[in-house]
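Quick heads-up: structures coming right below.
Two complexes, one shared chain (subunit A), two partners (subunit B, subunit C).
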Partner chain A sequence: MIDTILFYLGIGLLFIGGVMDIIASIGFFKFKDFYTRLHAATVGAIGGGFYPLLGVALAVMGLDVDLWFKAVFSGVSLITAAIIALGVPAGSHILARSVYRSREVEPTVIADRLREDLEGGGSN
Partner chain B sequence: MGRASIAVFTLILALIYLIYTGSYGVLEVMIALIAGLGVALLLATDLVRDPGKLSITRFSRAVGYLLKYFTIIEAQAHWGVVKLILKPGASYKPAIVRIPYEVSSEYSIVSIANSITNTPGTVVVDVDEDKKFFYVHWINATTLKDQEVRRIVSEVFEKEISKIFE
Partner chain C sequence: MRRAEVLIPFAIGLGLFALTYSLGLLNPVRELTSLARTYLTIIPDKTSTYTSMSFEVVTAVIWDQRGFDTFFETSVLFLAIIASLSLISKTELRNIFYYPSTPIVRLVSRVLAPVIIIVSLSVAIHGHVTPGGGFQGGSVFVVAPLIIMLAFSSQRLGTHGFRSERFLLLRALGVSIIGLAGLLPILYSNALSVNAYLFQNLSKPGSGFSYPALIDTPLFKMLLSGSLIIYNIAEYLAVLTGFTIALYYLTIEFEKGGVGG
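Take a look at the complex of A and B:
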């Protein structure tokens, strides 16, 4: 019983991950600006990278195989998911910061508090 | 850093090593324990400045926060961005907003920034550690006032994380 629930929960997470990847790639075409595309990239990385790995871990735990097999596969998936969850925000933060500081792309925004503070020195 | 913490850290590292190699002979276990002990002794003083803060309560709070974060908060944030992508002609107002924070330890700042960046729709562009501001690119800015932005974007992270790391 619990095995079946784990297996289908994992398969469901894998399916959600695939859908999220497709939506993220559509978002890359729809958004025109570097910074807004970063948000689509986050959807692809967390929804399409982190959750499918959790799904693999859960689905393997529900399979009818040896315990060492379950331990190796779900352990590796969980550790990789943790590394993704820690590495992705560092990567997108450093991309955004370096592009902003080098003025490679000017953001199309309705308000830019960082530029105000960097150049004006005033605060409100 | 006490001996108990070193032992726990060594065992966790050895467990990760054994899971990755996938074989559980005596030699592998010995290598795992020795490598884990070495890494623990090397990094413990840098990673843990104040051993008094290590406790079971804080750890269980962290587990609870992670469970809540990766189910409810991420689902809501994903749904917001997916709606923007799939709805034809959806209008959005990107802005770089300023969010004040009131925590002091490095772990808290990094965890809050990671939580903000990991939710689709908000990316931390810059951090001002002297004035205690995050500068966040927000894809659909409904308000530009600092305190209201903080209430919408980062207050839940800050409340939970300050209980874990402060």
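Take a look at the complex of A and C:
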């Protein structure tokens, strides 16, 4: 019973990951701005990388195989999911920050308080 | 969205599909060539006389069947690193002004760097059983010093025991181990007057030298695949040190503004 629930939960997470990847790729082409495109790419990395790996870990735990097989596969999947969950936000953060600070792309906003603060303070 | 933006990717995709489908039609009988069948059946087969005792056929072909070739590839990389170091090693390290990165990036890179090193070790040492090997493991390792250098500065590597002379020595050691392990069958054959050839792994008919392939004790079993594990570890050492030194000097040039302008 618990095996079946785990298996279908994992398959459901895999399906959600595929849908997120499609949404992210559509958004990546439809958005006009660098920052919104970065948002779409991060949706693809977290939704299309983190959730499917969790799903693989859960689905393998529900399979009818040896314990060492379950431990190795779900362990590798969980570690990789943790690496993605740590690395992707840091990477997109530093991308957006460096592009903003170097004035490579100006965001299309009405009021930009951060820029006012940066130029008023005189640091960096 | 303009019509061309949709039509061009669609046409490329259709063309690729047609190409792959027609290639499949050209050779309808899906059979391996005789050479591929020989390698795939003989190398993992323990009972065969030409076995390499390795589950990973690619690593076995690279280091056993064509080990001499791979040694020269590693030597070319070694000489390229030496040559580039002789060009840029005279640089002054003073007066470098460096913006440190944000706390988020510094924390994440400090957490991820040890994980990357452990993954690279497992890829390299397990290279004769699972996909991977020395070069792949070394290339994975290089990501760890690179993110440390980008998040902190190039001088931060020194606090983790990095000295470029020490790494150059390790790199020379790795290449020397590969050469010596390839030369050992010849020395053995001269000393004991049996037949052996350069870069020999396990014993073949008419050639008596053999590296230990399997440690079989009552407590544990360990598959060594002869010289494959030695070559993998030595190549791991050579590749990680070479790429780390190259990226270290490139990062110093970058911090001085020599690359970005």
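Quick note on the criterion: the second predicted complex is superposed on the first by the 120 of 124 C-alpha atoms of A that agree within 3 Å, B and C clash if a C-alpha of one lies under 4 Å from a C-alpha of the other, contacts with A are read in each partner's own complex, and residues count from 1 in each chain.
Here is the rule we use: a residue touches a chain if its C-beta (ideal position, glycine included) is under 8 Å from a C-beta of that chain, and two chains touch if they have at least 3 such contacts.
Note that the coordinates shown come from a computational prediction; the quantities given were computed from them, not determined experimentally.
Novice: Evaluate whether subunit B and subunit C can sit on subunit A together after superposition, giving fit or clash.
Specialist: With subunit A as the common anchor, subunit B and subunit C both fit in the superposed model.
Novice: Now for A:D112: first (subunit B), second (subunit C), both, or neither, which partner does it touch?
Specialist: A:D112: touches subunit B, not subunit C.
Novice: Does the superposition put A:T36 against subunit B (first), subunit C (second), both, or neither?
Specialist: After superposing on A, A:T36 lies in contact with subunit B but is clear of subunit C.
Novice: Return first, second, both or neither, reflecting whether A:I22 touches subunit B, subunit C, both chains, or no partner chain.
Specialist: After superposing on A, A:I22 lies clear of both subunit B and subunit C.
Novice: I'd like to know which partner A:G75 touches here: subunit B for first, subunit C for second, both or neither.
Specialist: First partner only.
Novice: Where does A:I94 make contact in the superposed view: on subunit B (first), on subunit C (second), on both, or on neither?
Specialist: second
Novice: In the superposed arrangement, does subunit B or subunit C reach more residues of subunit A?
Specialist: B
Novice: In the superposed arrangement, which partner chain does A:L86 touch: subunit B (first), subunit C (second), both, or neither?
Specialist: Both partners, subunit B and subunit C.
Novice: Taking the superposed arrangement, what is the smallest distance in Å from a C-alpha atom of subunit B to one of subunit C?
Specialist: Nearest C-alpha atoms of the two chains are 5 Å apart.
Novice: Where on subunit A do the contacts with subunit B and the contacts with subunit C coincide?
Specialist: Touching subunit B in the first complex and subunit C in the second, residues 30, 79, 86, 89-90, 93, 97 of subunit A appear in both lists.
Novice: Per the contact definition, I'd like the list of subunit B residues that touch subunit A in the complex.
Specialist: So the residues of subunit B in touch with subunit A come to 16, 19-20, 22, 24, 70, 74, 78, 81-82, 84-86, 92-98, 113-114, 117-126, 128, 133, 135, 137, 139, 141, 144.
Novice: What residues of subunit A sit close enough to touch subunit C in their complex?
Specialist: Per the stated touch rule, the residues are 30, 79, 83, 86-87, 89-90, 93-94, 97, 124.
Novice: Which part of subunit A faces subunit B closely enough to touch in the complex?
Specialist: Result: residues 20, 23-24, 26-27, 30-31, 33, 35-36, 38-40, 42-43, 46-47, 50, 68, 71-72, 75-76, 79, 85-86, 88-90, 92-93, 96-97, 100, 107-115, 117 of subunit A touch subunit B.
Novice: Give the list of subunit C residues in touch with subunit A in this complex.
Specialist: Contact set of subunit C toward subunit A: 1, 99, 101-102, 104-105, 108-109, 111-112, 115.
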